[in-house]
Amino acid sequence: MEKKKTFSMNYYLRYLLFGVVMSLLPVLTNAGVIKTSWLGIIGGTIIYTIAGLGLNLLLGWSGLISLGTAGFMGMGAYISAYVTGDLGLPWELGILLSVVIPLVFGILIGLASLRMEGLYLGIVTLCVSEVLRKTFDELEPVTGGFSGKQAKYPKLLGIFELDQKGTFILLVVIMVLLMMLTYNLANGQLGRALHAMRGSQVAAQAMGVSLLKYRLIAFSLATAYASLSGALYVHFIRFVYPSTWTLPVSLVIMALIVIGGLRSVFGTFIGALIVYAMPDLVLKNIPVIGDINGLSYVLSGVLIILVVLFYPGGVINLFYKLQSLFTGKRSAERAVETAAGVEENRTEEGHE
Amino acid sequence: MSENNLSMATEEVLRIEHLSINFGGLKAVDDLSFEIRDREIFGLIGPNGAGKTTVFNCITQFYRPTEGRVLFRTKEGRVEDLVGQPVHSIIRKGLVRTFQNVELVNELSVLDNVLVGAHIDFKSSGLAQALRLPGARREEKKMREKAQEVLEFMGIAALQNEVAGGQPYGVRKKVEMARTLMCGPKLIILDEPAAGLNDVETQQLAESIHQVREKYECTVLLVEHDMRLVMNICDRICAISFGKFLACGTPSQIQSDPHVQEAYLGEKEDEA
Amino acid sequence: MSILLQLLLRSLETGAIYALATLGIIIVFRTNLMINFAQGVMGMFGAYIVTVMFQKVLYAGATASGMAQTPALLLSILAGVVGAILIGFIVDIVIIRRTKKVAGTGKEIITLGMMMIFLGITPMIFGVDPMRLPKVIESGEFSILGANLSYNSLLNIVLGIGLTVLLFVVLQKTKLGLAIRTTASNERTARLMGVPTKWVTLFAWALALVLGTLAGVMIAPSTSVTLNLMDSVQVNAFIACVLGGFQTFYGPVIGAYIIAIANNLLAYYVSSVWGTQILYVLVIIFIVFKPVGLIGKKITKKV
């Protein structure tokens, strides 16, 4: 978004710094500053962030709804567990296959989506997710059925065998790389094309944006991110059950990007912290309240509705607001809510 | 595509031949023919519901005409029939349009909205963009400079970093016009460019349409209700009513044409 | 032959359940222009109210006072319906009224948020243990042409068709129905023409909840009352809407029965394990070739 030269340095530095800070967490656990159990939770947050980045490209940038995230995460997890476990192939190959195979399905859905009104898309992706979930139950030779499937921590290049902390750092590295890639994509020609497609399909087409091509790109990216995050999940948590990959996971990932901030890369991570990590790290430690079942769902649900109704920029916008208090600047990125206000009026007209 | 002879006189840019389109039995456009010459400002007028926007949509392929041809001389100088070509391929030939109700991306900055107009001119691959390879970065920078130039030309360079959705209507219309200039168009189609503008803004619009033609060496086709504007800036005008051709000629010819007067009878000339 | 008839009868019963859930989705869609992804969990919540009323309040009291089980169950269902109506009002007044100006996918996201709230609030109120809900007619069956049908199934079949017919009569013949149909075709114009659209949406949400609750009560005896009670009903109801098209009220109902029949036939004749998946894939392929569904027209945006 920014045009100044200094910013491009600034920008790499920002992500690098973020990565370094995150990588320090295992060191802090060694020093006894934070609990070891936190690593698992923050690791989960990273995995959800990766899937969330993909869904953000789809829902945030392109305005296409998908409830299939959990299905593709599961697919990635099972494929990687099968390839590395049953077939005994290297971890890298497992990751590759667990991204490529779901990608084929993602492309098919993208193709199908072109023929559908936007409102059908949520339903169709829900069906796909349901088909995948049932397949996880039934395809026992690959998925292990209801008893689930085991996997190991990654062994990089066949030499470096990682433990939990090593895997955590690997997760951080992959997440930061993906955040940078996403940021670059979203702020270049491709991102603008997705924006244009969301803003107005007719105008996008008139400007030469092929709906086929960009819907396919959006679906492929979302699928690839989701299945990658699933594959990382299975090598971090080290087991996988079919009952994990149900609609609530898709809902949580949608919740985190909406709450964190649609169309925001850092917002996705902040959303994951709020939706995924906060209940485990904070709520559970509060007496009485922490014992209430389902509290985190209710909080997420309420936050989603509040954000959509009153604060479309998401929580990340708070940070930008604070920042602009200090710098006194008001740039395009930081005034999302004005734009959203205008959009509201437009749809009102659109119904006529 | 080339079963018929695709011939046009050398000074012509666009040639509509026997264009018709039906909507469930209703003939929205009926055997319409006209041609537009290079560097001309051409107006399409008609009473409400005459099918003006439908003609636009047929030219830009949002609607498939039932019959007829839309011949266009592309940037490369080839003559092509646009009928049946994908909507998103039309801009590559040098034909770009605006919309009646300004279709911008509200959440993007003014500059980024203009950059959407340069979509087809980006050559670097998605991967190169994702990795910010030097080529992709240079290209992005070049396009940004070009977009800034266009905004400068439209007189709204100061607003380039503002969110498009927050801008007043007049500015949004200018942004949309700026967006059409990014692709180096041969023919710009403006759908009611003066609708919703006040007198001063309309005056400015007339000037900037002239300037666009001079600076970007292009042809302009516009649909407009504001008769004063049309009569003022158009070199030639085609009048239609209920999808049928009424008359074509210079503003003064159109004003004195009995068919046109009849079609507009009962309607004030400058209702807008 | 008797097997086929048996399958068809069973399909009529599941079809009735899908049809009710489908009508709940479609009435909200037509009056609010939003796909309500929370329809399933709302029905689940209603079914919980009924079950808890029955298990914890009425049945306990009934056995003590010698009252029969069936009246207690019917009273519980009545309580569930009243509860559903109240929740429908709350949902509309607290949330939905504020969403009128939300654009694009925002409305769907809000219903997904509502889904999370219901998923979270249910174990908070009712606990996490699965519960059982008996059939309204506990036992007894009869046979026609070699196919067996329990009285309770017959009740469900009749209830499904009866409620659907009743709803269509209301939609076509009453002033309320006219108001709903006007709102469905264009909310804004309807409001300007003096149709009390606020009451229409209020009614629509209450009705959606009642239909969901009844569907939940009908499916509950065949499984146990848990958070996942309505999962497959919801997916099948959505598929039915897609198949029948969102433009009419009757299209999705036809879709619901088609889905039920196809589901049972595929499960019996093709594969009990893969039948449902095959059906879903077939419907998705169908939608690709006929995007507006069986009954419906294409809406083109004017530019």
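A few remarks follow.
In order of appearance the chains are A, B and C, and numbering begins at 1 in each one.
Convention: a contact is a pair of C-beta atoms (placed from the backbone, for glycine too) under 8 Å apart; a residue touches a chain by one contact, two chains touch by 3 or more.
Since this is a predicted model, take the numbers as computed values, not measurements.
A simple rule picks the central chain: find each chain's mean C-alpha point, then take the one closest to the mean of all protein C-alpha atoms, which gives A. Of all chain pairs, the one linked by the largest number of contacting C-beta pairs is A-C. Compared with subunit B, the chain whose C-alpha mean position is the greatest distance off is C. The mean-CA centres of subunit A and subunit C are about 31 angstrom from one another, to the nearest whole unit. Inter-chain centre distance (subunit A to subunit B, centres taken as mean C-alpha positions): 40 Å.
Centre-to-centre separation between subunit B and subunit C, using Cα means, comes to 49 Å. In subunit B, the residues touching two or more other chains are 62, 99, 103.
Residues of subunit C in contact with at least two other chains: 303.
Contact with two or more other chains is made by residues 198, 202, 340, 343, 346 of subunit A. On the subunit B side of its complex with subunit A, the touching residues are 60, 62, 86-92, 96-97, 99, 101, 103-109, 111-112, 115-120, 122, 124, 126, 129-132, 136, 140, 144, 161-166, 179, 183.
Contact residues on subunit A toward subunit C in their complex (touch as defined above): 59, 63-65, 67, 111-112, 115-120, 122-124, 126-128, 130-131, 134-135, 138, 198, 201-202, 246-248, 251, 254-255, 258, 292-305, 308-309, 312, 340, 343-348, 351-352.
Of all the residues in subunit C, the ones that touch subunit A in their complex are 33, 35, 37, 95, 98-106, 108-110, 112-124, 127-128, 186-189, 231-232, 235, 238-239, 241-242, 246, 273-274, 276-277, 280-281, 283-284, 287-289, 291-292, 299, 301, 303. For subunit A in complex with subunit B, the residues that touch the partner chain are 1, 3, 181, 184-185, 188-190, 192-193, 195-196, 198-200, 202-211, 217, 263, 331-332, 335-336, 338-343, 346, 349.
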